[in-house]
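In what comes next, chain A is part of two complexes: it sits with chain B in the first one and with chain C in the second one.
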Partner chain A sequence: MVAATTSDTVLPSPGGTVLSVLRKPSVLPGFGLTLGFTLAYLGLIVLLPLAALALKAAGLGWSGFWNAVLTPRVLAAFQVSFGLSLAAAAVNAVFGFIVAWVLVRYRFPGDRIVDALVDLPFALPTAVAGIALSALYAPNGWIGSLLMDWFGMKVAFTPLGIAIALTFIGLPFVVRTVQPILQDLPPEEEEAAAALGATRWQTFRRIVFPALLPALLTGFALAFARGVGEYGSVIFIAGNIPGLSEIIPLLIVIKLEQYDYAGAAAVGMLMLMASFVLLLALNLLQAWMRSRHAR
Partner chain B sequence: MAIQVSGITKQFGSFRALDSVDLEVRSGELLALLGPSGSGKTTLLRIMAGLEFADSGSLQLHGEEALGLSPRERQVGFVFQHYALFRHMTVFDNVAFGLKVRPRGQRFTTAEIRRRVMELLELVQLAHFADRYPAQLSGGQRQRVALARALAIEPKVLLLDEPFGALDAKVRKELRRWLRKLHEDIHITSVFVTHDQEEALELADRVVVMSQGRIEQVGSPAEVYDRPASAFVYEFLGQVNRFDCVVADGVAKAANGAICIPADGTVRGPAIAYVRPHDLGLSPSAGGPGRVSGIHVVGPDARVEIDLAGLPLEAEMDRERLSVLGLRPGDQCAVHIDRARVFPQP
Partner chain C sequence: MHAKKAAGFAPALADSRWVKGLLIASALAFLLLFLVLPLVSVFVEALRRGTDAYWAALVEPDAVAAIKLTLIVAAIAVPMNLVFGVAASWCIAKFDFRGKDLLITLIDLPFSVSPVISGLIYVLLFGLHGLMGPFLKSQGIQIIFAVPGLVLATVFVTFPFVARELIPLMQEQGNEEEEAALVLGASGWQTFWRVTLPNIKWGLLYGVLLCNARAMGEFGAVSVVSGHIRGETNTMPLHVEILYNEYNLVAAFAVASVLAMLALVTLVVKTVLEWRFGAELAATRH
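The block that comes next holds the complex of A and B.
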């Protein structure tokens, strides 16, 4: 009986390639073409340079790699870059959220202009931003001199200056990721919370904020990634004191100027791995949050 | 009196959504606000809940002036057309929300909250879905969760904004019956908004028909259906034949005298007559003034289209009656009107 039914159910498998196994039946055309293009493009633009970097770093050998990387100066630079990027991203998460909130929720004269201002850090050459910031925060600058007089606080040429520069360039990432989600938030959920007896604050904390958290995390991750890679705006305000206010990108440039290509590649490789792990962790956290209330 | 609305007016720009509306909602009744879109029914409901602000007028909830109160102070349960469930919370947490946000002094213990929530989920027959997220439920289930959530705060009044509007026809009917039964069990004063006349007539104790920011008629479903107070209500509730007529000496004549209907004394001259299709009786008659121009059978009912001296009319009867009459398209017939209303030309 079994044999009788199998004989006429053997159909030629359509296509019969590996791709046809991956593909779900769909009316959308171009799966093979677009997937092929995507992989080729990503390989060429993203993976190839990274592979070259890994290859160059591998030239040092295992122990050579760690010797190049595990020096006090490199480790201090890592601490500065990652620590301050996280701090700046955290500051941006808070204040960028407020900016997005105000831009979405309230209408006021000039709101369009404020909205456009948010993008300026994207457009401004980072070196210009760095020079402007160091002029402002230098001990003889407008803000720097006041902070010096009132609090005895030195901002430019210290880690604090780096944090300010990174906050400046990271702001648009948080605002632009939170804004559209906040815009699409259905007002009914907030009305429902109010009708159920929640105060404004309770509604925000329990209803609005959880809905925005995934977007906020994305903005945080983008601002952080941008901060880690930032070079132009930081080197002018940082003072670049090895072990105190020297960032990894600068350290890599210094190594390159000393013709230590392998050492530069090693530091770059470690930076890449650290960034990748952190971003992956943030992405997984987000995926987990989204999966809990996927539509 | 559970809710007393007096002289509520609301203007959106140049559009008058509510025009000095007066309404009483009795304790324990299920009241329907019925009207086409733009009639102001949802605005009125939202003003009762405190989600919208009236320009003038007064609103009393259980004898207490409420227009100045925020939604949270009014203790009103509100159910939204599109459920408005909290997407990032489980069904349990959704229902528990109103209990968890109470001020510290009035809050129940966790165990007590749990007991109450489970009891409500039992009531809406969703106890085994307590740990699901709203996205994992069907529309009908979501609306039941929304209802349980609104009932959790033990509201004095339950307000429902098109509660079945987003559901498909079959689920809508089931949920409608279920809500009626629930109301019979717990007898909470409820007001629901709908544009579906069948829903209002089947479900409500009393129906409020609204049009253009005003109340046209308030009455039991039978009252508003059988004795519409205005031409608008006649047209909005159920199928109706509408035709021009001329009134003289208390008799409205139409179709070259083929139709004569008694009209009350206040109407004179050109007027509009309304006849429900099931109030139009037919009988086969070779010399009759009417001619059957078409017959449509829908389930157990039959709709017969008639041409009465150039005036198109529609009669409705059950299929059995039609086969007894033996009418076929093209036959001549006599037409008699059992009940009609004549309103002056607007």
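The block that comes next holds the complex of A and C.
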């Protein structure tokens, strides 16, 4: 602490003496300025508006809040959003794992282009993805017409369409969390297993897959979390029938358009709490992932 | 990263040929179905009535207004988050202080919030029936259903992009070079401009690129605060929605194709940056 006060008297750092209690000594300037700006910006852009949501929802009172949230339509929307996000994340866990495996372990013509293309759902605006998917899977679309003719299956404007859009949106998450871990996997363990007489499948099941499981679950959870909040890519293909194919974000928009601000805030608050629980679970998963690979 | 794979594995460790073939085929089929076909269909649908109809959809006044508005919003939101990202990563990466982990979590927070909620919170704060609505109305200031609301919603959803690229990069680079510059008599600003900025420029560009792509393409958050006034508060993604709901498919896909090209350019630049400066950006890949 003595060192901290001396360095602060030498360097012109705004509020330096107060901040020296907070931080360890450093000769670099600008701590007070940048931390002050960061906190002010974070507070104004993120924390204050989020507090407004909490305040508006709290204004309903305990019973008012639950009355606004526990309606059949809201509960159905939660069921649609969470259920279909789970299904889409599961599809992505399987195929995302295969894509990551193929990209890391095999070489084939165009593999680097495929690698770059995986990030398309991050880069493509969600509204563009939404209209493209709904045109593809509509009964007269390229894929929709085939599914209709072959299986008599309707995809666009049904819950299945929502799952398709959420699969598109969540695809990069699993690939991009599994890929680096698979890349850094030391070959020694696999070599040892093979040398000790394990078959390739045994090696994969007992050695490789357990090492990748934390990353796979993290990718799954990220895709799931993204799916629950997704709006743009879903609403075009969903059909948006209340109780059947209406997602929570759309219900919030509908409540806002009807000037039901309190109702929108209540549903939004519940969704925000769900996201925080997911975020917490994700942090625990990532801690587990780090501890596994720190060995 | 590609040199390492396969080469190190003896035959007994490699997957059999049919397993390999099957996995590559299913991976490619999945990506073709979910990534390539949607992308191709955007351009096919846009050119369905020929290039004249395509061009007409892009130069009509409402489309031009939407393109302009998208550029204006991004031109304000991206530099704001750029300055914030540099400031935040400077104090987080260069100094040790209590509560740093909490600060990083809070900076990442907007990524875990639904886009619709990102718009909703500003409506609840600044809307006509919002907490500050009556005050703003008495002052004659309009934020919701106007450009400031679009900018705020866009800033919120793109908030973490630059910071989360720069924090791990600057942490990895350490403080030695800056300390040397200061010892040699450089001022704080000189040290930042001459030492730190050249070190982080590719990571910074990477973050700005992703930030810009999201800013121009954002739909959910801006849709809530926009009010959908044609020619006034419609950004390109919102214009796409209106055209699509009016069954004006060729025009909707024409405007969408411009956004798709923006996404493709973003991907190409991003990939080039990763190939050329992979080592510098490695820390930033999650």
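The rule we apply is simple: the second predicted complex is superposed on the first by the 230 of 295 C-alpha atoms of A that agree within 3 Å, B and C clash if a C-alpha of one lies under 4 Å from a C-alpha of the other, contacts with A are read in each partner's own complex, and residues count from 1 in each chain.
Keep this in mind: a contact is a pair of C-beta atoms (placed from the backbone, for glycine too) under 8 Å apart; a residue touches a chain by one contact, two chains touch by 3 or more.
Note that the coordinates shown come from a computational prediction; the quantities given were computed from them, not determined experimentally.
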* By residue count, is chain A touched more by chain B or by chain C? -> C
* After lining up the shared chain so the two structures overlap, which partner does A:V99 touch, if you call chain B first and chain C second: first, second, both or neither? -> second
* In the overlay, answer first, second, both or neither for which of chain B and chain C A:R206 touches. => first
* Identify the partner contact of A:L50: answer first if only chain B is touched, second if only chain C is, both if each is, neither if none is. => second
* Which holds for A:A194: it touches chain B only (first), chain C only (second), both, or neither? -> both
* Asked: When the two structures are overlaid on chain A, which partner does A:I252 contact: first (chain B), second (chain C), both, or neither?
  -> second
* Of the two partner chains, chain B (first) and chain C (second), which one does A:P186 touch, if any: first, second, both, or neither? -> first
* Structure fact -> On chain A, the footprints of chain B and chain C overlap at residues 191, 194
* Which residues, counting only chain A, touch chain B once they are in their complex? -> 186, 188-189, 191-199, 202, 206-207, 210-211, 292-295
* Which of the residues in chain A end up touching chain C in this complex? -> 11, 19, 22-24, 26-31, 33-35, 37-39, 41-42, 45-50, 52-53, 55-56, 95, 98-99, 101-108, 111-112, 114, 116-129, 131-133, 135-136, 141-143, 164, 167-168, 171, 176-177, 180, 183, 187, 190-191, 194, 200, 203, 225, 228-232, 236, 248-250, 252-253, 256, 259, 261, 264-265, 268, 271-272, 275-276, 278-279, 283
* Structure fact -> So, in the complex, the side of chain C touching chain A is made of residues 1-2, 4-6, 8-10, 12-13, 15-16, 19-20, 23-24, 26-28, 30-31, 33-39, 41-42, 45, 84, 87-88, 90-92, 94-99, 103, 105-107, 109-110, 112-117, 120-125, 127, 129-131, 152, 155-156, 159, 175, 178-179, 182-183, 188, 191-192, 210, 213, 216-220, 223-224, 236-238, 240-241, 244, 249, 252-253, 256, 259-260, 262-264, 266-268, 270-271, 285-286
* To do: Would you tell me which residues of chain B are touching chain A in their complex?
  => 49-51, 70-72, 75-78, 80, 82, 84-89, 97-98, 101-102, 133-135, 146, 149-150, 152-153
